[in-house]
Every structure is written in structure tokens, then in C-alpha cells.
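First subunit A sits with subunit B, and in the next complex the same chain sits with subunit C.
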Partner chain A sequence: MKQAAHVSIPFYAQNERFSVLNVGVSNMPVILWTDAMIFLLLATILAAALWIRKRPHLVLPWHRVAKGSVGMVSLLLLSLFVLVGLLDTMHYRAALPEKSNGQTVYSAEVLSVFDALAKGIKSRSEKTYSAPLAAYLYAKESMETPDGKILRDYPRLRYGGVHLADPQRELLGDVLKRTVIGALEGLIIGVLLIAVSNMLFHFFIKLRTGRLSTVPEISKDNWIFTFTRAMKNRPFRALLITALLIAMLFGMTINLAAVYHVLGTDKVGQDVLYLALKSIRTGLVIGTVTTLVMLPFALLLGIAAGYLRGWVDDVIQYLYTVLSSIPSVLLIAAAVLMMQVYIEMHPEWFETSAARADLRLLFLCLILGVTSWTGLCRLLRGETLKLRELEYIQAAQAFGVSTSRILTRHIVPNVMHIVLIAVVMDFSSLVLAEAVLSYVGVGVDPSTMSFGTLINSARLEMGREPMVWWTLAAAFGFMLVLVLAANLFADAVRDAFDPRLNRTEAVA
Partner chain B sequence: MIAYLIRRILYAIPILIGVNLLTFSLFFVVNTADDMARMQLGMKRVTPEAIEKWKQQHGYDKPLLFNAHAEGARKISDTIFFQKSARMFAFDFGSSNDGRNVAREIQTRMMPSLAIALPTFLIGLLIYITFALLMTLFRATALDMLGVSLCVLLMSISGLFYIIGGQFVASKLWHWVPISGYAGGIDSIKFVLLPVLIGVMGSVGASSRWYRTIFLEEIGKDYVRTARAKGLSELRVLFRHVLKNAMIPILTGVVVVIPLLFMGSLLTESFFGIPGLGSYTIDAINAQDFGVVRAMVFLGSMLYIAGLVLTDISYTIVDPRVRLQ
Partner chain C sequence: MKSDLSLNPLPSAPPEIGRGEFILNVDGLVTRLNNGARIVDDISFSIKQGETFALLGESGCGKSMTALSLMRLLPDGIRIASGDIKLDEEDILALPEYAMRKVRGGQMAMIFQEPGLSLNPVMTVGDQIAEALKLHQKLRGDEIRPRCVELLEQVGISDAFRRANEYPFQLSGGMKQRVMIAMALAGQPKLLIADEPTTALDVTIQAQVLKLLRDTQQKTGMALLLITHDLGVVAQMAHQVGVMYAGQIIEQAPREQLFARPAHPYTQKLFAALPDAGRSGQPLAAIPGNVPPLGASLAACRFAPRCDKAWALCHDQVPEWTQLENGQGVRCHLYTSQIGSDKLNLNVPLSPGSSTASGEVAGEEGSDSSLLQVENLQVHFPIHKGILKRTVGHVKAVDGVSMNIPAGRTLALVGESGCGKTTVGKALLQLITPTAGSVRFAGHELIGISARQLRKQRAGMQMIFQDPYASLNPKMRVAEILQEGMDALSIANNSDERQRRIDELLEQVGLEKASKWRYPHEFSGGQRQRIAIARVLAVNPNLLICDEPTSALDVSVQAQILNLLKSLQQQLGLSYLFISHNLAVVEYLAHEVYVMYLGRIVERGTVKEVLHAPKHPYTQALLSAVPRIDGQGMKTVRLAGETPSPSNPPQGCHFHTRCAHAMAECHKEYPGETIITATHRVHCYLAAE
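Right, the complex of A and B next:
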């Protein structure tokens, strides 16, 4: 018996190591509702991209977007946020080392790939607040000195700066050293990555054009030449500089985060950088899934009202007048309140608390979608009213083309630019709205990490002395970068797609 | 004009009925009255008697739409729909969970809301339009670029930041004004100053940019070229011609919100502790006081419809070509 127990210990340890290596095998993948929506959205975008690629007149405005430096730099920033969001979307439940009746038991906690990657900053939690890059706790505590006296002082942190013998003397030097080394490392890796991708791009071009290309520039067959040629392109230069700056920032953060809390810790000692990065997914979900939900309604009803007119138009107009006449915050508040009661009444639906919080997030998206489709619907109705009087539609009608075919072949493609502009313009306002709604108490579940919940939890700490400013600063900072990038990209898209805007700018 | 007004008001009735039905189904069909009672009394260990008592006290013990047990007209009137929703048409909003009359509460809280919302609206409008006109005047120069970039930056900052930052700087660092609170009469100025300032700041980016687009659209039109050809100065063209002709799109966005000013602002009021309708709504949301939220939804949509009618009337004032019939 004793021997059996002795044997089983290394076996468990082995099993655990095994589970870390094979995430897919021993852990249970979890697809939450919003995950499914995000994957659906990704599939839609990919399909649309493939469809557009073959049609030069649809590619043209995107070329115009690619020619603007501001648009491309903001797209780069946005894609970094999207990357974090996507990593945070792949959820799983870790297998527990104990088994019951030979079946693997899974942890009740739903983790994501991002959690696994950021395991370091996730698990190193302190007792309570600590300032960014600090080695001491924010609050004083009673401590026993080696000679038995009770002393009230700031205790050392459990993880932040533990490698320093005397933080008061060494901290600044250590931080500076790590910052510089991190920046240099980031720069070197960034340059290497760019060089490799440039070589790949060069060979790709060579493959496509063939070795015996008639284009003299490519026949020079030198990847450095490809690079210098690309550097003449202004957006490419801007992108390159931004990418290198980001690589440096990444290097610094990773180097510092290994031993410090870069953005401090919150009330229960969680790393604020981790919380802020986790909030990104919530913001992205609100900004995109809402649109995905409302788009079919707005498109279908708007076009139907504009094209069919008569009683259909009356009914649809009535519908959106009723919905838009209720102030949106109040409608959202009322709907979220009702949904909260509904979810509380049915706790048996949810296996994990993450599933519950996620359903609430999805509901919030649905409700935001309901309140925000009316504007787009009205725009589409107006545009369709205009389009249906144009000659080519009249000709199609005269040829006896069926209504559904006219709608799909002639109307929908010609209002798509309005849809696209509306979608990219809505994104940033939805991200901002989430923070406000969560503050008001009708936003995401309090257990969901979001910019709103972060701000809400940190708001009351402004009155403390010395002030706890880092949580707020982190939340507002991340939000500003995300929303600013989204706004700038939206402007670039609008400038490229809106025919009306181009004309007025030409005149002005 | 009178005939038009009457028609518009008649047209508003089906919309209000729609709003009423929507809120009714939201509040009473999604969850049963039992669910709400359990929510109010605490989720666990609630006896059925306690639920029945709560329902009776708050008038939720009736059938939803049709009372088969009642006599005559009371078959319709003795229901939750009639008692709780239909009576809102007569401004009878019932009472809140703590037994106060919601209609009276709304009356007393309207003034503080208005004291914040009206100055914010007027000062804001003045600043946004001035800023937009300046950008139009210097269009396609570095100044314009700077202005637009500033607008994009300002509109990318969360409204919460303006409030929290403003409170911190003005009240805690510089001790200009009290951090929150409200008093009636002349004293109210010091309480109103900061919320108004922050309210104006909060939408300066988005609004100025929006007005700039309107002005730029007008400036490309033929009459502007004619005015310039007559030798008018650019300033005169902007103020006498462009501003006047841009009135229709401006009014479309502006007049609708005037009646809604009564509702106050949810965020500003709750941050600054102003006893207006906005903070009333927030408190009701947090206390899950369905009666109050219902009343506010109805009031809000009524004011919105009033705003639409006002917009149409304002068109006739600025544009003699528009006739209401």
C-alpha cells in the first residue's frame, strides 16, 4: 500500500507537466457564446476579403486606404488589440490532476490562451495596492523586526522587485537598466523580423513574376533593392517606424514585467497591466458583435422599406420611430435590468460563472444592437429611395428582373459603402459606451474585466492620500489608444469610400 | 399650422402606444411579477406569503391584460396593463418602491436637471459652432488640420475621464468649487459651474467636427461662389450666407434634444450629486425600482416626440420655403 502511494506522486506530477505541453489533448476547449460570434465574424470578414480580392472595382477603395499613413498606422495598432482579443477568445478549462472514476475532472475556472501566456503577471498578485514599478506596498503594516519590536512601515512586495537587496538605493538603476536593455532587445528582434519578412516578400514577388521577369527592378534580384524600393513609399515608412517603436515598447514591458508590476496592482493585489489587457477583449466584443447583431436587421428592413414602399415602409418606419423615440440609455437600462432578473432566476443554465458573465455580455450586445440599428436603417432607407429611381434599376424592372434579384444584385452592392462606413464609425462609440454603461450599473457583469469595471473600481480611490492613480490611468490610457486608432482608421475608410465626401473636399 | 400640429399630435399617439406596449412587455412579460418580488425581497428564503404580500402592496397581483373575474369595464381596467402602463398617458406614474409619488418627484427634480442641462446646451452650441466656423474659415490649412486632429483626440477620450479629471483638478487640487452637491437659488452657481464646463468639454470634439462637415458641405454650393463673386469678404460669406443656410441641418440635430434637457444627464448628475432626474434614474436602476424606470422611459419618449414636432416648426422659422400642412 505504502509503495503504491509512493509511486502515484511522481505519476501525478508527470501528468501535470504533460497537460501543460498538450493543451488541446488534456484540457477541455470551451466555446462561449461571444467566442462563437467572434469566430463567425472572422469567417465573414475572411469570406468578404476573398470575394473582394477578385473584383478590381471593390479593391480600389481599399488601395486608397492603404495609401494613407495615418490609416495604416492605426490599422497596425488596431490589429495588435485584435490579436490580444483573439488570444483571449480561445477559452479552455484546465484538467485537474485528480480523477474521479477514471474520468478527467475539469477546473471550474475558464481560462484563455492569453491567460496561459500571461501566466506570470496573472499569478503574481500582491496583498493590495502598489504603485507602478514599486518594491513596497501602498499601505503601512505592522511588522515584527528581528529583535522582536513591532514596527509600522511599508512592507516589501511579494513579487515586485524582490530581487533587489536594497530597493531604495537600487530600484531606479535597475528599472533604467531593464528599460534600456528591453528596448534594445525589442529593437533587435523587430529589425530581424522586418528583415526576414522583407526577404520572404522578395521571394514571393520573384515566385509570382518568375525569374525571367521583364520588369527591370525585379530582375535585379536583390532583396535589399526590394526594401529600398518599398522605403520610398510613405505609408510603408510610417508603418516601419511604428512597428519598431512598438517592438521596443514590448521589449521594455516584457523585461520590466518579469520582476515588477509595470502598471501597479489594484485593491486585491492583481496586476493592473493584466487587467487592462484582459479588458481589451470586452471592448472589442462590444464594438464588433453589436454590429454583427444589428447589421442584418438594418440592412434587410432599411432596403425593404425604401424599395417596396407602401405598407411595408409604413410598418418599418413605425417600428424604428418607436424604438428610437425611447432614449437609448433608458431602454438599455430597462432591458438590462430585466435580463438581470431573468438570469438570476435561472442559475441552472450556466455551468461556470464565466458562461453566465458571457451570456450577459452577449445580451448587452444584443440590446445595444437593438438601440443602434435605427440610425443605419433610416440611412439605408433614404439611399434605397434614391437608388430605385435611377435608370439602371428602372431598366432592370422593365426587363422583368425579379424583385429579390434587383435587391441583391443592384441595391445591396450600392449601399454597402454606407454600411461599411457606419460600422467602422460605430465601433469607437460603442467601446466608449461600454465604460459609461458599466459605470451606471447596466453594463457588463461585475466579474467581467472591462474598461468600465476597471474605472468603476478605481474611481473612489482618487480621494486617498497619496492618490491611487494607476488603475484609472491604465484604463483611460488603453481606451484612448484603442478608440483613437479606431477613429483614425474609420476616417481613413470613410475618406476612401464616401463618394460625396471626396467631391466636397475637392471643391473646398 | 394648427391643423398640422393637431395631426402631428394624433400621429404621436400610436408611437406612444407602441412605446408603452414595448415597455410593458419588457417589464411584465419577460419576468413574472413573482420573479420581481423575489428580486426585491432578496433571492433566498422568501416565503410565498411574503411574495403575495409584496405583490398586493405594489399592485402586481392582478392579471396582465384581461381580468376574467371582474365585472363590466373593470375586466379591462383592473389589470396590470391598465393600472401600471396605460395610466401613464394621464401623467399618472404611480409610486416608487418606497411609496413616493413619482409624478411629484419628477416635478421637484426637473429644476436642478434643467439648471445644469440648459447652460451646457446653450454654451456648448455657441462654442461648437464658433469653433467649427473658425475651422471652416481656415479650411485646408495647417490650422484646420490642427483643429480636426484636436477634435479627433478629444472625441476619443472617454466622457468619464473628463468628469473624474475635472473633479480632481478643479475641486481637489485647486479648491475652486465644491466637489459635489447642490443648493437652490443663487448658491447653485458654484455647484453648476463645473458640471456645465465638463458637459461642454465632453462633446466639443464630436460636435465641432460635425458642424464643420455641415459648413464645408454648404461652402461648396453655387450661392457661395456668387456671394464671393460679388466681392463679399470671406467672414461675411460665412456668417451671412453659410451659417444661415446651414441652419436646416443644424436644427435637425439640435432642436430634438431641447425637450430632452428636462431629463438631465445620467452621468454628470450622479457624479456631482445633483438631485435631478438623471441621478433619480440611476438610483432607480441601482435599486431595481421598476416603477421609476418605466416612468422615465415613457417620459423620455414623450419628450423626444415633442422634440420632433418642434424641429418641424423650427424649419418654418428659418426657411420660408418650408410650409407645414
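Right, the complex of A and C next:
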């Protein structure tokens, strides 16, 4: 779907990259299956947050998370990824200018808000590979010079660095200039944003303290004071520095991306930066939805097997032993192929190709979920076996507490640390599993952009001389930051929730 | 107590060995956490050749850290800040690590508390000893095996040649500790550090291991640094004693003097907190509060907050080390200032009044109505084998136990580990389904009734567990823990009433109301045990099954809990089934005692009858194995060997394999019950004669 006609878009279109949003009124929103899942997940998280807010002893650990620099910085990074993912989740079909019988006709292409925002880099496709920030193509071509001779050389790019008269000389200077300007712009905007939010915060604080009590320190009561006081807080400082760095990076990227391909282009000339950003949503969906599918299986079966023992344990053990002894790639391949054939036999179900690709993604998540619960289940069974012999469980049994209540009140909270760690560890391995499956040809739909497809396409080019490294580097970099941020954040959360690590604080 | 002891000089002193030169000199040793907290604070002591120096103290006092400092084996984040350690004139702290490796195991060896964790499970015992021999004795090839066997024989392991080829899991706990000692001896050390060497063992095995240590010391003339919390062990073993409190040695004296005249208030209190029959009428002299945490403020005497003799000076100034005339050293203001000596002369009695008279006053009434009647209770666990899991035999954990607990009385069940005491407790609560027998609680039969009917009876009978660290869910706050039983048994229906009840309970067990919003890990062991007691009291039980409720606690805290249990019994008229291996505690708390061996009761009777005039040889052996601080045990009955497996108990009387008086008939048939008095019964042919 992304190979839409792009030739006609003139070069100055870059300046209009925000214009699409204005058309929004007449667009038709589309909610794909995975969109629905993500919205549901979001709603659950919001509801949980509201529920926790009213309970001080549950808020306390989150306050502890907020006090750790690493946790907060990784949360900031993570939320940027989530933001991109969410923007990419709001899908719509654009209204076409011509109408049939007075009815608006919608384009067959499903776009997302992110597509609209990134229209500039989305539409500027080159012919084939070009290196990051290059003005020339990566492959030599035969060109006809004005005087009729055939010359074999690297042609100029269609979009990248077109504004330069002589890229050989000017490129480096221009790139540096744009980098510095971009960084400064980003810094200024970042500082402005922080100042504004600080003033809002100050206003909010004043509003609250004004209502609650009379403040004695009126002389110091200005927004600079609020700021300096906040700066004494270490995680806040770390957060601020990270935010400014990210703002600078954004400024640079936006400035450069306007006239260059920041991360180069791929085989068919698409901007790699755009592909990588689009892959974030696929990664997040596979990571979260699969986990959601897997978690109930692992948690319920694992704990039931460990606590109830007897025939329940036998049945569950046989089940996961059998399941995990089938090679998982084969199992997944069989399921995906069956599903694929089924989908192809019913093309009438799908209005757009995006809907079909999305359903395939969803099924991939389901299949991955159904096949990947065994590891966590085994861990949880072992831990439950250990816990059920502990004396507090026996004390509960002596009170005649019901089995379901023992499971939910005593066992589940005490295995949550394992669940949290396993889920985060699985997140990265699931993103990788997707890459492997895409390689075998049973992964996501070829039209869906994902880290897997990126890596897969880069794989072939690694052996080529000169090497095409940027696709792989982009996928690697994005995945690394995403998974690392998720890991560090999960670590911070686990530490904050472990009562044994937080003795002194809780007493106070 | 104090006067008592000075009258009776210790009769059974540890053997006097030709004590020679100072082997170990520790001077001003300070060990710190990286954040500056002092774990071991300015410790000085010396040990002579052939001498036993005991470091006595409660948990968290820095005893083990002192030992690890000597070995230079401190965990990460803890380091020796200053001080001087000289082993045989060699400065240990100045040695490079490679030279230190020769010292460890060579000149200085260490044995640990848990023998099961100190041996490598995948190496044979012989190989593990051989490793030490190769390293420190430079033995090669054929020389090694005979020396291994010799060492094993030296530590009293029979059939040593075969045992050397066995793996640790094939040995019992006592034998593993013997192997550990053999390994330590392999390097022929000058100093042996024993860190609570018998804490994890049964009393009868403890007696064997302590004797082995004494004998070995006599033979080799090595110095022994014994780390323990047990005053009884100190009484049996030590020549010199250092009492540690919060990282400091607060008193140091030859054993005789320490036991005759403890100088420091803490030491005095430790003696007073020991339970025994003499005090069963009154509360124990518990030391209020807990051992201060690591890195607490050091501006004053560390014991001052818990000391009843403390005055202003104690709270402002750290007391200096004072050497008394008789060779005793103490760190207390009582001996340095004028006010102190005035106070000393007042001589506040340590334990309230003379104690022998008021033995059996409390709880005498109300003994007529029977609360719990147990007839012939059996719990057999099937042993499954093979693919089809066929039952090939049974572990007879409990094999025909009958008992009768009247309301408001305490029945104690004593025996070594593995004899089935805990299983009896759990079977009574129906946590383990009994195989046969009858349990009648307040007139209702509990065996074979439906789960719903059982729930109605649950409130009446509750259990207090041994390990207060495992018996509270770490993810639940105290209020939720207390509320659980009330929820499950529908006691106190609206939430206001519940909160009021929770406050009331916390007050009853001596905790602040504010503590209900905290998590269990914020409390010390003693406080956690209080929470566990409050949890069971929440459902208004009549009978509490206490499964070794104080064995995980320090002596001073144990006294607090025992006092609490005793006062609750008086206030609420509770009955206790008190499961314990600690005979002193039993003597203090119980009215009746049942002695259990391999799933059967071998002797029962009142405390006086069983503990003062035991008839069964097993009871006699148990009693004599308990190290007593006054040193006056019964005539020594040493038990050889260990408890046989309950899956295959010996023919005839179960005890005949270890019994010194075993006769021909003991091998044939289990002895029937012999009635000695109305309350005293015993299963033994000796008594029948």
C-alpha cells in the first residue's frame, strides 16, 4: 500500500507536511483489530491508574519509581515509543476529492495520523539504495550527459540534497549547518516547553497551597523558585537533561529530514527512518498483545498445577511438555499458513489491504501467545510448589480460606516479580521471533513494516560490497533503545514493589 | 539466679588442657559496611593454644562477621577498616591474597552452622577431604586415601572406608557436621573457628558433636573459637567467654567467673531470661526491645535503651573498657563512675524473689473439662515407586498417638526432629489428613466431616508456626493479615468493628496500633511472632498449637514471647499444644509433657514426673544431652547413633537400637504401657519390671 504513486509530488511538498491534518473533518476513521486491542489495553491501564490513585499504599511504590533516575529516563524514552505507536494506531481513510452520486468516496489506502505527520519522508522515495545523508545514489548508473555521451557514474538523488548545486563541496557544510541549527531550534523549543510546563506546575501548586494553607514564604514565591527547588531533585534533573537531549535530537532530525534521507533509503528507495518509525507499532503490538494472550495461560495453568498438584498437575504438565517438544517454528508456520490460505479464500471479508495485513498480525500474536506460554508456566509452577509449603499458606488453610482466595491473595502477588521479568524478557525475544518468522515467510504480512522485515531485507545486503549497513543499523538501534528502556523500566518497577528492598522508606 | 550460681561452682568443667602460648591476637578490630556503619566495633581478644574462646551473643551482634573478618572472607560491601589480627605472630591483614589462601584451611579452619549447605552435593565425602589434604598437606597419590579414612575415623564415623566413597546426601546431619570437622582438621589448623556448629542439630547429636570437638582439641591442642548464642553450650565448652552486643565485646571473663558473677547488665539479663522450671510461676525477666540494627547511632552505651540500670551518663557517653581485679573485663559505666558503684551496691535482685516455691500455682484450675481428645491418631504417607507409582510402603510419621488436652492447660510434645511432632500438630488441624484415629475437639469429631462442617470448627483451633519469617505473607500488610481469618470465618461483620478488633488485638500482643499499616518485613523476628499470635487470636480460638514458636528467636526475645503466651493463657483461658525440642522452655511453660520417638509417645506425665523422674531411657538421654548452664545434668546418658528412618522402624521397641539398656525382649515386641502414677505412663520394659 505504501508504494502509492509518489512521482507526481513536487519537491516543495515538504513544506506542506502538516497540511493533511486539515482535511481530517471529512476523513473516515478506521479501527482495525489490533487498534481495538491497543485501545482496550490503554483503557485498562487508565482504569487501573485511577483505581490505584485512591489507595495510598498502592500509590507508594509508584512514588518510589518516580524517585529513581533510571526508571524515569527509561519511562520517558518508552513513552516516546508508545506515542509514535499510538499515533500510528489512529487509522483513517482519506476522502477523495471526487464524489460519486453526491457521496464521499474514500481512498482504499488506510493511513494513520503518523503517516500524515510524516508525509514528507514517506512520499520522497528514491530509485534504490542511498546512504544516510547522501546526495548521490549508492549504485552506479549509465547516464546520458547533455552532449550525448553515455557516462557511468553515481546519479544525483531525486530528493536527497537536491537543493545543493555541488554536493561534493557543499554537502558536509550544509549537513553541519542544519545539524547545529536543528539542535539549537530543538533546544530552544525544549527550554520553552519546560518553562511553560514549569509555570503551569507552579500555578497549580500555588492554587493548591493557596487553598490549603497560607504560605509563609511569599517573598520566594515565584516560578523560578519552584524551578530551582525542583532542580534539587535528582531524577527531575536527569529527566530534564534527557528531555533536552531528545529535543535537540528531534530538532536535528526534522531539519535534516526535510532535505535528506537521515538513515538512507532501502532497496526500493523508501526512507529507512520512516520504515523504522512505522516498525515501532508492529513491535509494540507483537510484544504487548502476545503477552496478553500468553499471560492468562501461563499464570492460571502454572499456579493451578503448582498449588493443586495431583491429576491437575499431571494434565497441565503433559500439556506443556507435549507443546514445547513440538518445534515451535513448525507449529507456528503450520498455523500461519493455514490462516493465510483461509484469509486468501475470503477476500470479500476485507475492505482494504490494511485490514487483511492487520488481521494477519493479530493472528500471529495469538499463535505466538498460544505457543509461548510454556516457559513461564513451568517457572510459575516451580515457584508455586515452593510457596505452597510456606507457613503463611498453611496458616491461611488453617483459617479455612478458600482455594481461589489463597491463589489470588497469597500466591499471585508473590509470583508477580517472576511474571514481570519474564514478560519483559519475552518482549524482546518476541520481536526477534517475528524477525525469524518473517524470514521463513510466515511472519507479518509483507506490506506491514516491522523490525523483522527490516532486518530480513538488510540481511541479504550485508554481503554486498560496498556494504549496505544502514537498514540493519537503524533496526538494531531502534530495537536496542526500545528493549533496553523496557528492561530498565521493568527493573525499576520491580525494585519499587519489592517490600524487602524498601525498608527504611516505608517506616517513615 | 546469681546467688544460686555462686553457691554451686561448676562441677563438670571442660577438660583443662595444657594451655600454652597465645595463638591468636586480635586488637582493635573494626569492620565496616561501605556506608560507614560499624558491624564489628573495636574488638580485642586473644586465644591461647589449646584454649576455647566462646563468642556469645544474640543474632545480629556481629559474631559471624568477626569470624569472617579473621578469615578475611567478608562479603562484598563489608571491609576491615582498622585493627590488627595476628595468628602466631603473623599479621593476617598484611598478607597478600595468595598467602592468605594457605592460611585458610591450613592454619585457620572454619566450620559452619548448616552442614547440609557446606558440603558439595556432587562430590564424594572422601574427595572433598582429599581436596583439603592436597592443598595443605601436599600429600600425593596413594597417601591421600588412607589419611582420609584416618580423619573420618578420628571424627568418629564408623565404617570410614565405605563412607569416604559416599555422597553427602547419604549422610545424616550429624555425620555431615563430623565430615566438616574432618575437613577442617585435614589442614592441621592451629585455630578452628566453629560458627554455631550445633545450632542446626538435635540435642542428642549436639552432645555428640560437642564432645567430638572437645576430644579433638585435647588430642591436637588447637585453639577453638566457638561462636554461639547458647549459654548451655558455652558452659560446656568454653575456657574464656566474650559476650558480644551490637558489634562490641561488652564483657569478657573466664567461664567460671562469668557464670558466677556476670558483670554487665546485659549478661545478667541473658541469664535471667533463660526459662526453667524454677520460674514457671512468674514471668521471665525479658529484656525489652530488640538488638539495635546495624549502623545505629553510636553516641552512647548500646545497651542503654534496654537497660534498667541506665542513667543519664549511659545515654550520653560510650563506656570505656574496664578491667576488673579478678581478670574480668567489662564495658559498662557501672564500673567506671561513682554513681555506678553506688548503684552496684544497691544490688537489685536479678530475678524476682526466690523462685522454687511458686511452681504450679497458675492454671491449676479448669483442668477438669477436656477440650481436645485424640485417640490413636495415625498419619501414614505412602511411598510410591516405579512408573506406575505403586505404593510399596508407608512412612509412619505418626503411629497411634493419643492425648487429652484440658481447657486452660498446656501440653508439651517433645522429641528430636523427624519424630513426627509437627505432623501431629498439622493432623489435628486437618491440614494433613490423618490415616486413622479420632480427634474430638470440644465434643465434635473432626475426622471424616465435610469441609463445610470443618470450617465451623476451624476458629476453635489455630496454629502458631516456627519461622516468623515464613509464616507471614510479605505482600500483605498487618491489617490484611489479621483480617484474613476474620473474613474466612465471618467474624466481626462490618469493617468498623473489624478495625476496632484489629487495634485491640495489636494492643493485646504488645504492638502499636500504627503498625497495622506496615508490611511484615519492617518488623523484627519477635514482633513478627507477635503478629502471628495476633492473627490466630483474631478468630477467638480455644486451643493454640504452637509449633516451636520460639526456636527461631533470640533468648531475650524468646522470653518476651513466652511471657506473652503465658499471660494470654491466664487472660483468655487458652489451651496450648506446645511442640518443642527445647526442654527448658517446656519445663517453664507446660503442665504435662509427652515424649515422642519415631511417631509414638514413649513417655507421658506431668512436667515434674517426666522431666525430674524420667523412666524411659530415651527421655533420660534427651534430658542429659541438654547442655545446662549450671552444669549439673543428670548422670550422663550419651545416645549413640541417630534416629532411624520412620519408613522402616526397628523391630520391637523402636528405641532399642540406641538404648544402652536394651534387653532380648526389646528386640521382639513393642513394649506396652506401664502405669507408674495416675498421670505418668511409659512404654518401656525397664519400667515394667
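Keep this in mind: the second predicted complex is superposed on the first by the 363 of 508 C-alpha atoms of A that agree within 3 Å, B and C clash if a C-alpha of one lies under 4 Å from a C-alpha of the other, contacts with A are read in each partner's own complex, and residues count from 1 in each chain.
One rule holds in what follows: a contact is a pair of C-beta atoms (placed from the backbone, for glycine too) under 8 Å apart; a residue touches a chain by one contact, two chains touch by 3 or more.
Everything quoted here is computed from the prediction, not taken from an experiment.
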A:123 touches, of subunit B and subunit C: first, second, both or neither? neither
First (subunit B), second (subunit C), both or neither touched by A:322: first
A:396 touches, of subunit B and subunit C: first, second, both or neither? second
First, second, both or neither for A:414, with subunit B first and subunit C second: second
Dominant contact partner of subunit A by residue count, subunit C or subunit B: B
Which of subunit B and subunit C A:459 touches, first, second, both or neither: first
Intersection of subunit A interface sets (partners subunit B, subunit C): 503, 507
Contacting residues of subunit C [partner subunit A, same complex]: 426, 429, 431, 451, 454-455, 458, 462-463, 465-467, 470-477, 484-485, 487-489, 517-519, 521-522, 532, 535-536, 539
Residues on subunit B engaged by subunit A in the complex (per definition of touch): 14-15, 18-19, 22-23, 26-27, 30-31, 35-36, 38-39, 43, 139-140, 152-153, 155-161, 164, 167-168, 172, 216-217, 219-220, 260, 263, 266-267, 270, 281-282, 285-286, 288, 290, 293-294, 296-297, 300-301, 304-305
Residues of subunit A touching subunit C in the complex: 57, 390-392, 394-402, 405, 409-410, 413-414, 499-500, 503, 506-507
Residues of subunit A defined as touching subunit B within the complex: 318, 321-327, 329-331, 333-335, 337-342, 344-345, 428, 432, 435-436, 439-442, 451, 455, 459, 462-463, 472, 476, 479-480, 483-484, 487-488, 491, 503-505, 507-508
